[in-house]
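For reference, the structure discussed in these notes is given below.
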Amino acid sequence: MLSKKDVTDLVYERKRQAGLSWASIAEGIGMSEVFTTSACLGMNALPRDKADLLVTNLGLPQEAAVTLAEYPTKVWDRSVPTDPCIYRFYEIVGVYGDTLKELVQEKCGNGIMSAIDFHMEVEKVPNPKGDRIEVRMSGKYLAYNAW
Amino acid sequence: MLSKKDVTDLVYERKRQAGLSWASIAEGIGMSEVFTTSACLGMNALPRDKADLLVTNLGLPQEAAVTLAEYPTKVWDRSVPTDPCIYRFYEIVGVYGDTLKELVQEKCGNGIMSAIDFHMEVEKVPNPKGDRIEVRMSGKYLAYNAW
Amino acid sequence: MLSKKDVTDLVYERKRQAGLSWASIAEGIGMSEVFTTSACLGMNALPRDKADLLVTNLGLPQEAAVTLAEYPTKVWDRSVPTDPCIYRFYEIVGVYGDTLKELVQEKCGNGIMSAIDFHMEVEKVPNPKGDRIEVRMSGKYLAYNAW
Amino acid sequence: MLSKKDVTDLVYERKRQAGLSWASIAEGIGMSEVFTTSACLGMNALPRDKADLLVTNLGLPQEAAVTLAEYPTKVWDRSVPTDPCIYRFYEIVGVYGDTLKELVQEKCGNGIMSAIDFHMEVEKVPNPKGDRIEVRMSGKYLAYNAW
Amino acid sequence: MLSKKDVTDLVYERKRQAGLSWASIAEGIGMSEVFTTSACLGMNALPRDKADLLVTNLGLPQEAAVTLAEYPTKVWDRSVPTDPCIYRFYEIVGVYGDTLKELVQEKCGNGIMSAIDFHMEVEKVPNPKGDRIEVRMSGKYLAYNAW
Amino acid sequence: MLSKKDVTDLVYERKRQAGLSWASIAEGIGMSEVFTTSACLGMNALPRDKADLLVTNLGLPQEAAVTLAEYPTKVWDRSVPTDPCIYRFYEIVGVYGDTLKELVQEKCGNGIMSAIDFHMEVEKVPNPKGDRIEVRMSGKYLAYNAW
Amino acid sequence: MLSKKDVTDLVYERKRQAGLSWASIAEGIGMSEVFTTSACLGMNALPRDKADLLVTNLGLPQEAAVTLAEYPTKVWDRSVPTDPCIYRFYEIVGVYGDTLKELVQEKCGNGIMSAIDFHMEVEKVPNPKGDRIEVRMSGKYLAYNAW
Amino acid sequence: MLSKKDVTDLVYERKRQAGLSWASIAEGIGMSEVFTTSACLGMNALPRDKADLLVTNLGLPQEAAVTLAEYPTKVWDRSVPTDPCIYRFYEIVGVYGDTLKELVQEKCGNGIMSAIDFHMEVEKVPNPKGDRIEVRMSGKYLAYNAW
Amino acid sequence: MLSKKDVTDLVYERKRQAGLSWASIAEGIGMSEVFTTSACLGMNALPRDKADLLVTNLGLPQEAAVTLAEYPTKVWDRSVPTDPCIYRFYEIVGVYGDTLKELVQEKCGNGIMSAIDFHMEVEKVPNPKGDRIEVRMSGKYLAYNAW
Amino acid sequence: MLSKKDVTDLVYERKRQAGLSWASIAEGIGMSEVFTTSACLGMNALPRDKADLLVTNLGLPQEAAVTLAEYPTKVWDRSVPTDPCIYRFYEIVGVYGDTLKELVQEKCGNGIMSAIDFHMEVEKVPNPKGDRIEVRMSGKYLAYNAW
């Protein structure tokens, strides 16, 4: 069967050949850009009907839909990422980690922001001094149990 | 002289005694919560006038203002954070790192989102299914040079 | 102010002098053994009224209650624990990690067992072939978002 | 000969094609879900008769039974797991490791809970506030020698 | 499609066969030596017209131009490099890292030298006591935000 | 005796009190900014007469001159630096390490650029699009032996 | 209270002053050399009556007996030991680890040698070609569960 | 030529097919179980005549004898082993490392037990309370030089 | 083209078939044993004429000479070597590293021994108490710059 | 009692005050420079009479002789040293490790060079092209056992 990696490679190939953007691929299946991209990269599972739609839209082999709908094992190789575009987000967690904890817990109590019941958007915001990237994360507040 | 760590301890002490929130401390100096908190935790430098104001508002020793305005050396001890509230953000970078790169670069071109010309907000968003935390990051897009 | 570590040391001291068990300390404040012990070791926050009760029961200084009720920063020093009693649990996660994932996700869907909305019990179960330890964990199932 | 990895791949393939659950595979050989799954993932050895039964039930090549009955070398690649579903169990060991040690040793004496003479169950517990996962571990208490 | 690695191998092969230098390859496309070399090694993206020119000049397959113009994922395998020629630069960062920070920040304020809006030159400087290598780096100063 | 660390602390203190820059400290002893700063930070040894001069200029205790002239043991704690201003230089070595090796060896032959017979300058270069930092490194070319 | 480390330091001091050997200390409390030494180094708990006897024999403060009888947390700092005398044992595990597994499991079945229900002896064996050290380990065979 | 790994695979295959034990393979060439096993696993070199005998006994290709007699490069992948059967030996080194050093050096002087001029035996010792594994190591005492 | 690794494999093959020693291979090209061996193992570049000679002497394919003369990228996989024969040299650096630094710098001044302008010899020295290995290293003294 | 570290500090202090070299300290007790230095740095044990002599010569407190004669625990903090003078020796082991193994084993057989029955000398060799450092190591050849 096709592995998640195989499907990612196929998606990249079709995307390049057809000159598609992640935005249009996402729109084609009626889901967000971040979620669609992460599913195509093997880091999330598409609902089965969305997987079928994606397969049709991109002309992928039918069995790719099964793979896209499978629950992924989320693995990353480097505990510290090296690519500068990804490292900067790691750096933000390093620099602002304690601050995030202080503010999450001041606003909501003893708990965390979920990374599971979670969604995220990425946007380009034009700016005369230089365009900006805006990332919005939203996660459910989860309170620690006392028992 | 007082170290960044000394000042952080003093701030925590006054904050606890006076029952202050980070929100009110930030408001008292007219700066954002995230920036003010990170500066109090030693991860950013306050502009000198803001440092003076903070020292007055919290009743800190005068020299604490010098320390708060010093350029910090940003250090974190663990390449993988252990506290669950911070780890979840690390996990987001691990799971969505490649996705963030794909979307930043699709929207803007070959480059990164700056973590220096950068600001961030944290908010609690009430929700009947359970309150949510919203984090908004905004960083300047920086294009790679070709020369 | 007293740190979490200071309070842990004080609790150990009183516990030893008074010949108390974790079971009786927990019973004295009407909470479970696991939660009470973890809070005394600085890994959880006691509700304030429980903290006050603990301070009274053990004859700790009054300010220890503030510390016990503070939200902890959960830190562990070794990514692989060395003490044999703790290592065995690490080994279980290594050996059965993929199995746990398969079964959690077969039973509930694409998601995880929460370690935040979570409780755990430890019990000794007498057995003629040699007593056994029984550990029961219960965590809320959290489904991954699709958006 | 077929490696443990080869057999795992074959099991996954048949499981997917036949739409089987781990629960039904386990039931088919009269063993528990956790143990059966872990053996199919190459982390435990099936008794030979159970291996033969599994091979018959799933229509695997006969020699797969030899492989399933072989004593495995238990290896995991990451000292800190990355998949969120597995990481949460690692986090539990990090947060509650010292607590587990305190309670095991308070209840039984100077010793450990065995991870060898050990069994575990995973269950879904319906709950109006959201279903829960329950994990029950049972390991033999082993006392340290003094000599 | 050709991967960045495939193209690097092809470039090395043609370079060796034709007895070319990086200097002449760079000159052939009208870009600097450092940038051209790094793009051929897969660590930078060539502008598409330069990529086409390079492909023509070296007689590479046409699709190599697409690969050369793709945005690379910048990965290095060793957090501490072992090759002595590269290690010496790592050593310079280790020995002079704090000095670089002091001087950058004394001259410009609280900020950093960008590694993105960045260019570099390498030159041989003849010297009677032994030739010298001169490396010149230029990066845009980026000031930390306060908000 | 005063350790390198003690002297660094004293220098920082005098520098802050007197409002001195590294540039003026260096000028006061007739040496370069980079070298003087690195020696004050304990990463290089000042010639004894320069050390005496520095001690006089800054009003340090006489024995600090002995310490400043001692051969340092150069140690850094993190194989990957975390402060963003230093990390960017580490990133440059990661991204351009192989390129530097290619060009050093194309220009000079099989060898390295010395980090011992080495000097470096840091300069601010005003620029209408934003000021730039320029770093110039010069190291002696050392050829590998064949014997 | 005295920590395990405090007691170890006291034992070393008395041992040196009185010119005692570990052999004689062990004999004085009627236990083996290996166990007695490891308990004095904080890696095992002495039975309380043995702890009292040791305290009397060595003239330690009375409370040292409580410490010696406490259940230790077994921690080692280096995953790879550096002292040559200890490293050689690590090397033996590296070189012969798979061999030990093959032979333990060929002789007894799918299981392990316990390191808990375990004892060890160290002896010097005179030999004309050079004296030898003989180490004898004995651990209970523990079979893996199938359930 | 056959690599050490190739030969190990061949030995496993013949061993399984012929239902041989390491004990009988060792006996067949008149060498010990531990040494024979470790040589078959590629961690030791067989004397050439023994290698020839082994090849004959197991019906291996003739050139396997050359490989078996070659001096191996001893490599292990994990600084901390994960398989429980091997980890327990690692744990013993961690827990008893300092004790081993104390006793080796008390009995013989400043030196080590050799892991080169070394032999080891593994035995099963029947015991009514549960069989035991006995491991006997013997290494030459080597004194540190003073010069 | 042949990689360094390919050529190393070819050299090993011819060496074994022809029953050659490194000594004789080195003599055949008029270079030292250490340098010749290291070049054959891919860690140094042979002068082109020596590479041609080696290729002729061993009957290697002609293009192997190009590979042997190429500047190698020196990479080692393990920061701590495991093979005992190599580890002992690592151990010497660990135990005597500070001593080497003290003596190099006492004899020559603030600087280092070059590992680039460097040569080394290995010899067997017969000795009635057991033969000895003698390793002689010679590296150019390089003084640190002050500027 | 004085620790090894305390004695090292005292030796450094006396050495500096008296303007002594390691060479003269070694000569004063009739032992080699390398061994004497390493013993003063806490990495070797002086014979007791030599320790007494050293204490007398340097005017150290009498109990320092006991410490100097104690068997050290040899520990180094960094698996990869950072100081350039020490790193170069580490680099030599990395680059030439396999070569050293090939030549030791070609000359003597399957075995190693001992780092225990070992001595080393460091010398400055004047040279018109630049002085050189010469390091001579001599270790007993130890053959692997076959049993």
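Every chain is named by a letter (A, B, C, D, E, F, G, H, I and J) in the order it is written, and numbering of its residues begins at 1.
FYI, a contact is a pair of C-beta atoms (placed from the backbone, for glycine too) under 8 Å apart; a residue touches a chain by one contact, two chains touch by 3 or more.
Fair warning: this is a prediction, and the values are worked out from it, not measured in the lab.
By label order, what chains touch subunit B and subunit I together?
E, F
Using direct touches as single steps, what is the fewest number of steps from subunit C over to subunit G?
The least step count works out to 1.
Would the interface of subunit E with subunit J count as same or different, where same needs over half of all numbers used to appear in both copies?
Copies use mostly the same positions to touch.
Starting from the Cα centroid of subunit E, hunt down the chain whose centroid lies farthest away.
G
Hey, which chain ends up farthest from subunit H, C-alpha centres compared?
If we average the C-alpha coordinates per chain, B ends up farthest from subunit H.
Considering subunit F as a copy of subunit J, what rotation angle in degrees (nearest 5) results from a C-alpha superposition of the former onto the latter?
Angle of rotation between the two copies: 70 degrees.
How many angstrom between the C-alpha centroids of subunit G and subunit A?
51
Compute the distance, rounded to whole Å, between the mean C-alpha positions of subunit A and subunit H.
49
How far is the middle of subunit G from the middle of subunit I, if each middle is the mean of its Cα atoms, in Å?
Those two chain centres are 42 Å apart.
Multi-chain contacts only, two chains or more: what residues does subunit H have there?
In subunit H, 34, 73-74, 76, 79-80, 82-84, 91, 94-95, 98, 101, 105, 111-112, 114-118, 142 touch at least two other chains.
Please list, in label order, each pair of chains that touches.
Going through each pair of chains, those in contact are A-B, A-C, A-D, A-E, A-F, B-C, B-D, B-E, B-F, C-D, C-G, C-H, D-G, D-H, E-F, E-I, E-J, F-I, F-J, G-H, G-I, G-J, H-I, H-J, I-J.
For subunit G, which residues are in contact with subunit H within the complex?
These residues of subunit G touch subunit H: 21-23, 33-34, 37-38, 41, 43, 74, 76, 79-81, 83-86, 88-108, 111-115, 117-118, 120, 122-125, 127, 129-141.
Show me the residue ranges of subunit A that touch subunit C in the complex, using the header's touch definition.
31-32, 34-35, 44-47, 50, 71, 73, 98, 101, 105, 110-112, 114, 116-119, 142-147
Where on subunit C is subunit H touching in the complex?
Residues of subunit C touching subunit H: 80, 82, 84, 87, 91, 94-95.
What residues on subunit E touch subunit I, complex-wise?
13, 16, 78, 80, 82-84
Spell out the residues on subunit E that touch subunit A in their complex, using ranges where they run on.
Checking each residue of subunit E against subunit A gives 1, 66, 73-76, 79, 115-116.
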